[in-house]
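Labels A, B, C, D, E and F are assigned to the chains in the order they are written; within every chain, residues are numbered from 1.
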Amino acid sequence: MNAREREGAGSFDAPVAVVRDLVRRALAEDLGPLGDLTAALVPADCRARADVVARADGVLAGTACATEVFAQLDASVEVEWALADGAAVGPATVVGCVRGPLRSVLTGERTALNFLCHLSGVATATRSFVVAAGERTRVWDTRKTLPGLRALEKAAVRAGGGVNHRGSLSEFVLVKDNHLAGVSITEAVGRALASWPGRTVEVECDRIDQVDEALAAGATMVLLDNMTPDEVRACVDRVAGRVLVEVSGGVTVDTVGAYAEAGADLVSTSVITQSAPALDLGFDLATDKG
Amino acid sequence: MNAREREGAGSFDAPVAVVRDLVRRALAEDLGPLGDLTAALVPADCRARADVVARADGVLAGTACATEVFAQLDASVEVEWALADGAAVGPATVVGCVRGPLRSVLTGERTALNFLCHLSGVATATRSFVVAAGERTRVWDTRKTLPGLRALEKAAVRAGGGVNHRGSLSEFVLVKDNHLAGVSITEAVGRALASWPGRTVEVECDRIDQVDEALAAGATMVLLDNMTPDEVRACVDRVAGRVLVEVSGGVTVDTVGAYAEAGADLVSTSVITQSAPALDLGFDLATDKG
Amino acid sequence: MNAREREGAGSFDAPVAVVRDLVRRALAEDLGPLGDLTAALVPADCRARADVVARADGVLAGTACATEVFAQLDASVEVEWALADGAAVGPATVVGCVRGPLRSVLTGERTALNFLCHLSGVATATRSFVVAAGERTRVWDTRKTLPGLRALEKAAVRAGGGVNHRGSLSEFVLVKDNHLAGVSITEAVGRALASWPGRTVEVECDRIDQVDEALAAGATMVLLDNMTPDEVRACVDRVAGRVLVEVSGGVTVDTVGAYAEAGADLVSTSVITQSAPALDLGFDLATDKG
Amino acid sequence: MNAREREGAGSFDAPVAVVRDLVRRALAEDLGPLGDLTAALVPADCRARADVVARADGVLAGTACATEVFAQLDASVEVEWALADGAAVGPATVVGCVRGPLRSVLTGERTALNFLCHLSGVATATRSFVVAAGERTRVWDTRKTLPGLRALEKAAVRAGGGVNHRGSLSEFVLVKDNHLAGVSITEAVGRALASWPGRTVEVECDRIDQVDEALAAGATMVLLDNMTPDEVRACVDRVAGRVLVEVSGGVTVDTVGAYAEAGADLVSTSVITQSAPALDLGFDLATDKG
Amino acid sequence: MNAREREGAGSFDAPVAVVRDLVRRALAEDLGPLGDLTAALVPADCRARADVVARADGVLAGTACATEVFAQLDASVEVEWALADGAAVGPATVVGCVRGPLRSVLTGERTALNFLCHLSGVATATRSFVVAAGERTRVWDTRKTLPGLRALEKAAVRAGGGVNHRGSLSEFVLVKDNHLAGVSITEAVGRALASWPGRTVEVECDRIDQVDEALAAGATMVLLDNMTPDEVRACVDRVAGRVLVEVSGGVTVDTVGAYAEAGADLVSTSVITQSAPALDLGFDLATDKG
Amino acid sequence: MNAREREGAGSFDAPVAVVRDLVRRALAEDLGPLGDLTAALVPADCRARADVVARADGVLAGTACATEVFAQLDASVEVEWALADGAAVGPATVVGCVRGPLRSVLTGERTALNFLCHLSGVATATRSFVVAAGERTRVWDTRKTLPGLRALEKAAVRAGGGVNHRGSLSEFVLVKDNHLAGVSITEAVGRALASWPGRTVEVECDRIDQVDEALAAGATMVLLDNMTPDEVRACVDRVAGRVLVEVSGGVTVDTVGAYAEAGADLVSTSVITQSAPALDLGFDLATDKG
């Protein structure tokens, strides 16, 4: 991630109410009706310290969730972070430390890691695209997120240096090919400007003549879907800086550079949310003599 | 998936209350406070039919969630499935059909697909392991699931032909290496049998002498972690069929066959839940003249 | 409301999940732990028909909520609407009819009316501003809504012919005077364009030089706060159609016309949500012989 | 409000669980999936102090909600109140102070004010009626409240010096004209005394003979609806102090005095909840050098 | 239960929203993350019919909950009741019938019975007190109910022929001995009448002079706690019909008659909610050939 | 309860999220929309100390719930426990102390006691069975619990020295007589071992030949239902220690010893959850001079 974004992006965290709610649900899901049968076998007075350690290269995200897991589970557990969301990690990087009753550390371990590993996976995949896209072209996420986890995943995208497309269907207008089954581009854009003044009105275009139609109608952004870099370049030339140009459709880490060179302002991909492999992180545990 | 499981596995669906609750949350998340700004641009009386089409090889899962999306959004939308969860699909396989007001079809499309693509991704990854593991060795999931989605992911694992390890910490006892920071194997197993009679008591073993200790203490299952196939074979010989043997730790589709041959009863992997790429499915839309 | 909006605005209803959730809460709130003590005094087999009647001039809104009240309370109650949200009503206008067991009609009456009267009040106040503002200038709502009721109130604004400003802080950027305590207009807009590409970036301006600064920085919209119509006209001239101009700050039904003539594209007011008096609607009841 | 009530009324606050729940929902509603896009543009280390200032005459209410907003948003924000719920305020009265990170102050500002402005509006409207009603006659609220906000609005009525009619249909019996479609006054009161012994049984009367019937049947309270002050006086004479007399139906601040003089014990009005304009309060912000 | 109450009591059911919510939670609690492991072993196409049969003498309650269990679990299951809440049952009485897929019948059986057995237990215990108390004295419940189940238990008390004391602390005033640690009876009643006009103001009295003080202060009801029948009679004489008299404190089925003869209007007991043994009901199952 | 279990059982508390959620619901239920009308009559500055005192012999449980009641209601209230869950109490045993504002102590009293009295009742009933069963045979609970309260009741069973059978239908397989309407024992067990490897597979047997069939099929546990002690002994002999033997069906405190002597490993009963009378505990209050 380059410096430009870090400055303005502010907190990487999702809204705190979302974090609290999802952690509450995740803990309820994992503890079940009887609690942790196995942790109850360990002496109540045994204390432990666990280092949270990365086991692969990637980008950290989700620390606020892990902190919240232990806050909800046992307020006597202390969680400290050596690194913040957005930091690069590698094998053996100690990213933080959890200290408290062994039972609580063991019970919260998996839930905390489930947040950290998935969200760091999202941030890591995002960073790969960001690096490959270069300075000028931004990496955008999509609404192809895991059900219920969108706010967290969008925060992880920010931690990885990406930027956020629509968080919900309420945010702005995006006319896609399937909408055109019921309305023309010109009609759709006209109605959008009338019904939702002041908002972004983006139109998905599969052909350059659709770009023309969208711009003529007053669209404030175009989405070029499933085009080759050359096709993108032609459209970018036609747009001539009047509006931002987004490129989507099967873009990979290997091809994103070509689209960037073709002039895309934004490249969007669902891979970074829907298909990001978990980043491997674990708890290295020692009983605590302190 | 072989026939043996299909017979007994029953419904692949997660408990209906979980489906309803997660769909409700996913719709609220995607619609936001104003609803779908873009769908409102399409005429209210325009009707459509969308085929739900696979675009890659894989295994279908999550149909109950997609059905529920439209049931909650607009009861006049009809959803029919040509295939059930667990079915194999390939590029252009039509798995089902959604028919109703175009606005509702468009508004529900993404949420329905987010469930289908992720859960089918889990089922697909599971099926790969199941095929590679062969008839005798079963593929087990883990608690490394995405927060809040465990019940759905575990159902998808079943659809892929895998079987379910613990759904929560309440289900049975699994003494892992980190527990041994506070208690010995012998102590842990003894207490488990006393505190939680009638339940599975599994012990994670890194060495063959731990297997001996676990069995002597009365464990009803052993988990061999991070062993080579040869090491597994030695342990399996030692166990001699007295209890089930689970193997875990970095097992891949390429190596699972070797572990199966080494005699593992169950091989568990987090890859099928935490790192399964989404299966590509989409809506092919036509306005409906009927 | 003019025809232009009706065409594009689509459904006036809030997202259905919001309606369901708020109705559920409102019924729980009104029924309490014991249910309706008084309705229980009426014979169980007595049926009734109630006309829902306006008792003053205004605009109808909230019918979906009233329908949902009876759907949740007693599925045997039938609710029919003679008019839809957005319709003009006057004293004695029958807007709909509720028919079913007298007990259920009585128990649901107040909750249904609480939604209808408040939301119709919002729509009515909006319509007054819309009429006074004329064809060219649009009436915008604000985030000054009643806690928890925003989605419903924003839908009622649409029913009244107004349009919706931000539904949440996630939708787009609006730099207000209080933000300038920590950042300059130029910095804020620059960061906004970098951090949130593709989104509306609006800047509140109290003086014409701030308009200049905002436009130079790349703002896509300006909000003129607490200006006279003459000051607005000067700013509108300076903007010269490059971006939309919103006017806010103490605008009333009496003054909105002057601001419209001064060239405001949008006039926003909190009066239509936060201070709209309830529209008087009631149930005219007869026992049902049918 | 006179001294008599202040003594006994105790806390003006709504039950704490209600406050917590509604604040949680209001924050989720306002922050959306991405959080506050604009506040993120301000430097993270910038601190601010905001005075909460009234801009009109009225009565303060809702401070507990505003405190809770910041407690949930950012525990490092300090909120102090110079005045308590129930206090009279005027233009420029500083009612409290919020101090903490500028981002958090900005993000919570609107939600906190939405509670304060509405609830203070309710308290202010109530106080007007209380003053006009005089010492002997009490001002009662109704169940005509905004859906989901009843507990808060009823607390605001108390802050304004009013008293609370039924909080829900469970609290006591009130036989209204619409109930008489299915049962006579005599039957209804008789059943009420049998079914719900020990509870208030109030009967709405449109005519003096209904008052007679209600008292003969054993009603413990009568509600005179839509009567003139003279009609009320006649009924009050007939009741002769045996039960409390409530007056309702289009009573305004201008007419409440006449009803009080006519001998009403309680005058109820929906205006103070359903149609109370927001009291204007705002945040005056300064960056904090401390 | 005598005829007098049956006429006026209306539906025995708790508010429908409470039933829905508690059934949803009970099903989630019982199904867990994986659903019913055992029911999945039964063929999917096997259908069954189960009679719901009482196995002891008692009073039926909770049928609405049992119906709702199957409605939420599987809409294809049909539930019919031969008897309604409040009906007397004995060993082998068939109270209803459940018909549908065997898997669904088996999965819902326990949750449905948990509601039926507990609530019928409450109704049964209530009926015993009602019969022993005789025609003139009513049996009142208390706030000593199981957390979260109050609305259901209060409905079951109604089904058993009892009547409902306060459903919550909001309903009316009851000054108990512990309140007198901070206020005198005279002060408490005076403040209550001022703060909460129109509501029942009841005072717990341990001695006859407290009865005098309560009446002098204007209490509308007295609660005689832990008195002998003779002491109650003396108090009843003193009260002389001016207010209702409640008796509480260790009253049993054996002693309630004596208190009734002593003139108590109402006798309250926590035994019927907090300590009522479950009524034994079960499912008699046959596979369905229809 | 013998020492063996105390050592390993760990915390008696239910999962903390369950406690928080149920306390929140219980408080909302008891406070209603207006809060505690009566406590508001007591001076705001009056402080009190209440001893929590047992009034009968029994076993304490639910202290964490009572602590949470006051934590949620008023953080300034201090709660201290002299005894922990699982402790034996008798008449006048002081189990803890609550100290804080009199209003808050009074308002929370009933909700706190409702948890304590019910859960201590469960623990007390459990302890009676545990003592009667002797050292070798364990007392198991069932899924016959009060809807929504299972996790708390199962924790109370542990506090009483009992052990926990299934917490939900997800935990393990239990083939009961009603399942046999659709499948044979051999089929059911075979499918269970295939579908749910590694889990307990228990079979309910009414006859000794069913025991044979279950063991032959591979069941890991048998449940002998409604047998005499002699029949149990015969089955125990047949099982010969290969699997654990559970006995259920009308076992009482008086008969449990005979079943224990007959060789049952576990005896299960619903009486301890579904029909346990509340243990009598109360608040002894004094105003606090400290």
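Worth a mention:
In this text, a residue touches a chain if its C-beta (ideal position, glycine included) is under 8 Å from a C-beta of that chain, and two chains touch if they have at least 3 such contacts.
Note that this is a predicted model, so its numbers are computed, not measured.
Using the contact threshold fixed earlier, the set of chains in contact with both subunit D and subunit F is A, B, C, E.
On a Cα centroid basis, the chain most remote from subunit E in this structure is A. Of all chains, the one whose mean C-alpha position sits at the greatest distance from that of subunit D is B. Interface repeat of D-F: among A-F, D-E or B-D, the matching pair is A-F, sharing over half of the residue-numbered contact pairs. For the touching copies subunit D and subunit E, the fraction of interface residue numbers used by both exceeds half; the interface is of the same-residue type. Between subunit C and subunit D, the centres computed from C-alpha atoms are 22 Å apart. Centre to centre, using the average C-alpha position, subunit B and subunit C are separated by 43 Å.
Averaging C-alpha coordinates per chain places the centre of subunit A 51 Å away from that of subunit E. Residues of subunit A in contact with at least two other chains: 8-10, 29, 31-35, 39-42, 150-151, 164, 167-168, 170-172, 191-192, 195-196, 199.
Taken as a contact graph, the chains are fully connected, with every chain touching every other chain. If you check the complex, the residues on subunit C that touch subunit D are 22-23, 25-26, 29-43, 46, 48, 50, 65, 102, 106-107, 109-111, 113-115, 117-118, 121, 143-151, 167-176, 178-179, 181-183, 187-188, 191-192, 195-196, 199, 270-271, 274-275, 277-278, 283, 285-287.
Residues of subunit A touching subunit F in their complex: 24, 27-28, 31-35, 39-42, 44, 72-74, 103.
If you check the complex, the residues on subunit B that touch subunit E are 8-11, 13-18, 150-151, 154, 164, 167-168.
Interface of subunit A with subunit E (complex): residues 29, 32-33. Only residues 4-5, 7-10, 138, 140, 163-165, 167-168, 170-172, 190-192, 194-200, 202, 220-221, 244, 246, 265-266 of subunit E touch subunit D when the two sit together in their complex.
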